[in-house]
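In what comes next, subunit A is part of two complexes: it sits with subunit B in the first one and with subunit C in the second one.
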Partner chain A sequence: MAAHLSYGRVNLNILREAARKELREFLDKCAGSKAIVWDEYLTGPFGLIAQYSLLKEHEVEKMFTLKSGRLPPADVKNIIFFVRPRLELMDIIADNVLSEDKMHSPREFHILFVPRRSMLCEQRLKEQCVLGSFNNIDEYILDLIPYDGDLLSMEYESAFRECYLENDQTSLFHTAKGLMTLQALYGTIPQIFGKGDCARHVANMMLRMKREFAGTQNQILPVFDTLLLLDRNVDLLTPLATQLTYEGLIDEIYGINNGYVKLPPEKFSQKKQGEASKDLPIESKKLQLNSAEELYGEIRDKNFNAVGAALSKKAKVISAAFEERHNAKTVGEIKQFVSQLPHMQAARSSLANHTSIAELIKDITTSEAFFDKLTVEQEFMTGVDTDKVNTYIEDCIAQKDPLIKILRLVCMQSVCNNGLKQKVLDFYKREILQTYGFEHILTLNNLEKGGLLKPQTGSRNNHPTIRKTLKLWMEDANEQNPNDISYVYSGYAPLSIRLTQVLARPGWRSIEEVLKMLPGPHFEERQTLPSGLHKKRQQGENRTTLVFFLGGVTYAEIAALRFLSQMEDSGMEYVVATTKLINGTTWMKSLMDRPESQTA
Partner chain B sequence: FYVTASYKEQRLETRVSLLQSAVDEFNKARNDFCAKATEDEMKLLRFQRKLDEEKGAGLQGLSLQATAEVLLSLGLHKQAEQLYRDFRIPDKRYWWLKLTSLADKGDWEELDKF
Partner chain C sequence: MGISLGVLTIFSLISGRSKGRNSFHFTELPCESSVRLITPELRKIKSDNKANVGEFSPDDAVHKLLLGKVVVLENFRSLKDKLLLLDFSVNAHDGNVITAVLIYLKRTLSKELLFRELGCRQTALRHFIRYLTETKELTLLMELLRSLGRTEEVSLLQYKDHLNIADINKRRDFLKSCVSLPFSADDSAHVQHHLALLERQIQIEVSDREAERGGQTDVFQKFPREAPVLHMPLINTLYYSCLYHYTEPQENYSSPLNIRNTFRVSEKQFFITALAARSKLGAWLDVDTMFTNRKWFGFTKKKSPIGFHRVVDILHRSSAPSQVLQKYIGLVDDTERRISLAQRHKCHDVVINTYRELRDRQLLLGYRGRVEPGSEQEVTIDRLLGNTQIRWKN
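Here is the complex of A and B:
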């Protein structure tokens, strides 16, 4: 069921099993039939840990989403609330509980806080006079959720915003805790590297937590050799750029949510010819995307321009396999063929799906608008005319293109130019306010606070230096058979990944100068292992690094790391962890302020 | 900066006075751009209210661009022109706006004029 988690270098299924076990223990604590009331945000991530069937085994009979007013009727003994520790959610719960009590039904209420209980929330419940009605208040520690064989995410949406705008370091605490859990299962990680203020905080917290546990030695052979903590604000540019890998584009265009993507149904409906083809399914098609699907695993990280070729090759292989039945003569051969049928049919339907998706994406990537935008992005990344008002952006504003697109481009220009001239910056800001409305002044302020948009200060524009030293722009990016990570953005090599690459070889000492130009300190820590646990490395065995992106990571960056893992001479394999999987759009959204919608 | 956040929540015409205090705060913080932008917004709000009362155009709360758009589509060219001058809308954007909204309406005569 979750086989794709165990294929990778590190068996992440252990983590998932641990999480499931804890969930089961909690459910068994509340004897009798149960109904779960969900904080809607949590259902997605939870789906990756436990399916409904598991809950059902533990007498969960009904599930509701949390909303104010009376709970829907359910004939169960226990009501369990699964919530994030948020004050506004507490009010809803109190409302639920109070209206329920009036009916005098003998019920038990429980709360499960994910990922951690908070005093503040309990206080709030107390104020509402409902704290006493709960039989159980517990926490379910769910920090890092395994997504794929080499990918962990906390799905903590507001991490970047909280760390850089609101100076709230709760998410960093969760991160550190999550990493401790990980170390408890996979052994202490001997080396920790980091870059950025948040990275420093997390590392400090980890070391402190370790000291608190002094005396209890972790006797597990370490699976990870190195941990690299990277702040998102070290590399603001990468998420702003349009991702050009297959998976990245799916995310940019349709959005991947908890491993699922929703696609418009038109392309998929024709396949069932004959059976009521007229009534198109109104519901969009939902597909799960992970490496359990063989074909997807192959093409997800390719540059989109190489996907077509890969798909047609696959098509040939499959049809050739089907042709084989004509050659099957003996009963034994036929039997063998039949035994392969289910696998082949699955491959064929997966091929059909991805061909349709690729067609959908192709319609967009070949459009003029997409090309124009990409051209401008690439101009910025190569440093062409970054100090002037860009006419393309100006035109986009005049035509009222989506605000997020504008913001992405403007921020990109600002980052590539190490800040914009005051005059240019003010021009953009005024244009945006006049066209999209005054309320966006708050968003603009947020962007400035986050360092995405800034006026040029006295110092020289140092971005060209960074670009040159780290080779962020490769003129001859090979999209079909990549030889460098720059293929994921068709020319631009993500800064964050370059840092990772240089760290592995030849080491950060060689780029000391550039590191100083990037925000935040860089550091190195060692955690001593109990003797006897030092790994005896076999010849040719690869080392494993866990790269943790604080504030989010994009699919293209993950693709680039996977590419590095596969390179033969790198001698390093990477596992990715992050606070949230992001793309430029979702990231911008998390930074926006919309006063109107808050009041509504 | 936090000032604006709270002020935006309020409806009605208390908004203008609340925005005024925002301007004061911005001036204190020596954030010229925001102060200017907030002043412009106040000016726009007053302008919208005036027109709403006179013509019932339903402009309240729209952005400057949207306001000008509505004005043009209602055929209130003079008022739109006034906005263009008062708020110094860049030529390029204003022409775009004028072109599209006049074309939408099929007002070729007016379009012919420039």
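Here is the complex of A and C:
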């Protein structure tokens, strides 16, 4: 049982348990002692499903990382490869198998493909003459991974690129499958809304898959009332902007991967009184971030400017709690105090960690560079001077700032202007190619294909109308005690979330005109429930909507949805699902060709 | 050692593969008999199970593949059957099945025929492109794209390959072969520039390496090259040129002006690059001549394409001496910025002059304590404070 998954309205532990059960069954299929050879990329997501203890229960004695050459020695009966279906990994596996010393202790080989088997991979193994060496070849369908009580992700990094650049809808098929799995566990979702071409496609597949099982009725009482499918390209602006929530900033600056963040160690080293300071640790400090940590749950979604006050308040509470020891007089009272100690110590340690993190972030957010960048972002978002070459961007290029920073800004300008004037676009392109290298014409082409950086087509710039109708820019957003979702970007309300908000109340019919200005169709579908399963809603009981972002979602958007869930009169609670958790930088990287050579 | 191509999933019901497994969540799990009720097609499969060798339709074959069974596709010889296989597999949405059929068609159909048929089947086409990309069959992929008229894409794909060539001469030759490809007009110009840049870098590198070894050229001795100029982006090449070839005439391919003109570098970029390079060498006179002097009611005022505070920043990074810094700090327009920069770099004269400009006696008085007692600056301050002709505002 993962504590952080049971807090929400929907118990995502059920999903996790189902995944664990499957894993157990596979492990038991390969009877006897085993060693697992891991595709490194999978260790993160798997860590969210099962720890080593579960594996040990099923006779996993050793674990290795997948690499070429001969496998390390291990006195086990079975060797199981846990891999993604990628051709280059097949070559490594073949190398491992062929290098095996068959004379001494012959071992049985198995492969578990995650999340799906691949014909191409099996063919490659056949070509390498090792396909016959495997006893079991199975797939472990890990579509939606629960990250927190209200958050699911497929961690399908290339989904946006595949859908919008390559017109490849494989990821959407997996999405539909993942949603069918979800419905099998949590009940058929009676209402489906969507906006975007991909959304339409996923809905179609879901309905069709349901039809294929006409005859068997899902008897589970529906947990979700509504499913909202949103294409990322309906709102290209939001991921480009710098997130301003605590969690959003941690992700932007340090990167959160599989619920963990790696931080520079200096601030976290323990220095005891009187002891000479040891050498600073070289390894980064790794912290797990989820709602099981009480303090983190409280501050993660706040605007960063409100975090300081929250930490101070918490410090006072914790201090007071520790002071209580002076008041404990009777044995009973002392006993009670002592029993609380672990919890209090954990709270204090948590406070120390987050105070350090907040300090690290503050160094950046109070810098002139950060302020200048934010100013330009907000100018674009409010439609100021989006039709000219921006001096700040020009200067950043001249200073050779990181390319991704430049790309985010020029794409923002393009999106906010519905495409750039040819002269302006040509100027930016030339400056970028001359400063960072001509090979970046590949990336620039990708960005154009994805609609992020393109020339004006002649059609009107609808952005101001969309902005006004949906109230995307809220002057004087209250960062400390927000009353609107725009606090997550200190004034800008994410378009995707605004659409979600309006859907719940008063409904999309009120914004028909604006919806037509956004790409892709919008639609509503209903799935019939077996009679008797229709929910009788109690007075004041909230409805639950699953919002699925096709192409990625940012932590700021998640924070905005949580804000909506908490609002007094919203009547709605949100659970978020996505193909991938993204920020502007990781998103941009996925659109570049050969990103390793292009981050300078 | 047999291969068990078992499909493990408790959600097999949803995935269409009926290998009914018991799951703790299903109160009603379809057993073998109820599977028959689910889809008529699956019902047919049961009867077909015995006939592994017998004739079955493309439809059946696809269904078998969906169930993870081994199917001998070679039985389907006619074009009609092959296309049916393709269409049924596309309808089923299962990527592995589509790939299996495509592999078969690739092997047994002529290129032209395959390309033609794929041309009118968008989903299958995308799958095939994906397949060729994954298996890195670039030649065939480019042929396919060309046949579809997606010529710009082909050009970019081919161009992309240059990243795999490390040797600059070979890369240059490769780019030469790319230049005539049907890029968009825009990209065509960029690729040509890319080629021109590489050619130029190769030439410069050859002659500079010689000069370096020869030991006659001063600048190479005083500021040894940190790296060859090869593979650098254009602006870096320009910087290099400003370092080592600044005074050369415009006709020389290694001169900054030649580079600027050939590649149409913007005025700002050129200025900043030249400024940074000459500062690095401590060539303050060169720096001075970069600013055009504008005559303004008898005063000569220096003009700069970038703000003077940025000029100061660039100079400072090259450890410019304070007399040099001072000159340019004094030219910063915004007085607040000017003062803060002057204070940071301890250019007292600028601060004093600015306070005088602002006619702010209080600030000037306050600043007196910041200069060395008995220094020239102190004397100046006292003189100014005592000057009755200045109309102080406070």
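By definition in this document, the second predicted complex is superposed on the first by the 581 of 600 C-alpha atoms of A that agree within 3 Å, B and C clash if a C-alpha of one lies under 4 Å from a C-alpha of the other, contacts with A are read in each partner's own complex, and residues count from 1 in each chain.
Heads up, the rule we're going with is that contacts are C-beta pairs under 8 Å (C-beta built on N, C-alpha and C of every residue); 3 or more make two chains touch, one makes a residue touch a chain.
Owing to the predicted nature of the structure, the values given are computational and were not obtained by experimental measurement.
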item: Clash or fit (per the criteria above) of subunit B with subunit C on subunit A; value: clash
item: First, second, both or neither for A:398, with subunit B first and subunit C second; value: both
item: A:441 touches, of subunit B and subunit C: first, second, both or neither?; value: both
item: Partner chain(s) touched by A:593 [first = subunit B, second = subunit C, both, neither]; value: both
item: Contacts of A:315 with subunit B and subunit C, given as first, second, both or neither; value: neither
item: Which superposed partner A:431 touches (first subunit B, second subunit C, both, neither); value: both
item: Which of subunit B and subunit C A:136 touches, first, second, both or neither; value: second
item: First (subunit B), second (subunit C), both or neither touched by A:167; value: second
item: Broader residue contact with subunit A after superposition on the shared chain, subunit B or subunit C; value: C
item: Contact residues of subunit A, present in both the subunit B and the subunit C interface; value: 394-395, 398, 400, 426, 429-431, 433-439, 441-442, 445, 593
item: Residues of subunit A defined as touching subunit B within the complex; value: 394-395, 397-400, 426, 429-431, 433-439, 441-442, 445, 593, 595-596, 598-599
item: Contact set on subunit B toward subunit A in their complex; value: 1, 4-5, 8-9, 33-34, 37-38, 40-41, 44, 62-66, 87, 89-90, 92-93, 96-97
item: List of subunit C residues in touch with subunit A within their complex; value: 1, 3-11, 13-16, 23-28, 30, 34, 37-39, 93, 95-97, 99-100, 103, 122-123, 126-127, 129-131, 134-135, 156, 159-160, 162-163, 186-187, 190-191, 193-194, 197, 233-235, 263-266, 268-269, 272, 306, 310
item: Subunit A to subunit C touching residues, read off their complex; value: 18, 21-22, 25-26, 29, 87, 116-120, 123, 131-141, 166-170, 173, 177, 180-181, 184-185, 205, 209, 212-216, 219-220, 394-395, 398, 400, 426-427, 429-431, 433-439, 441-442, 445, 593-594, 597
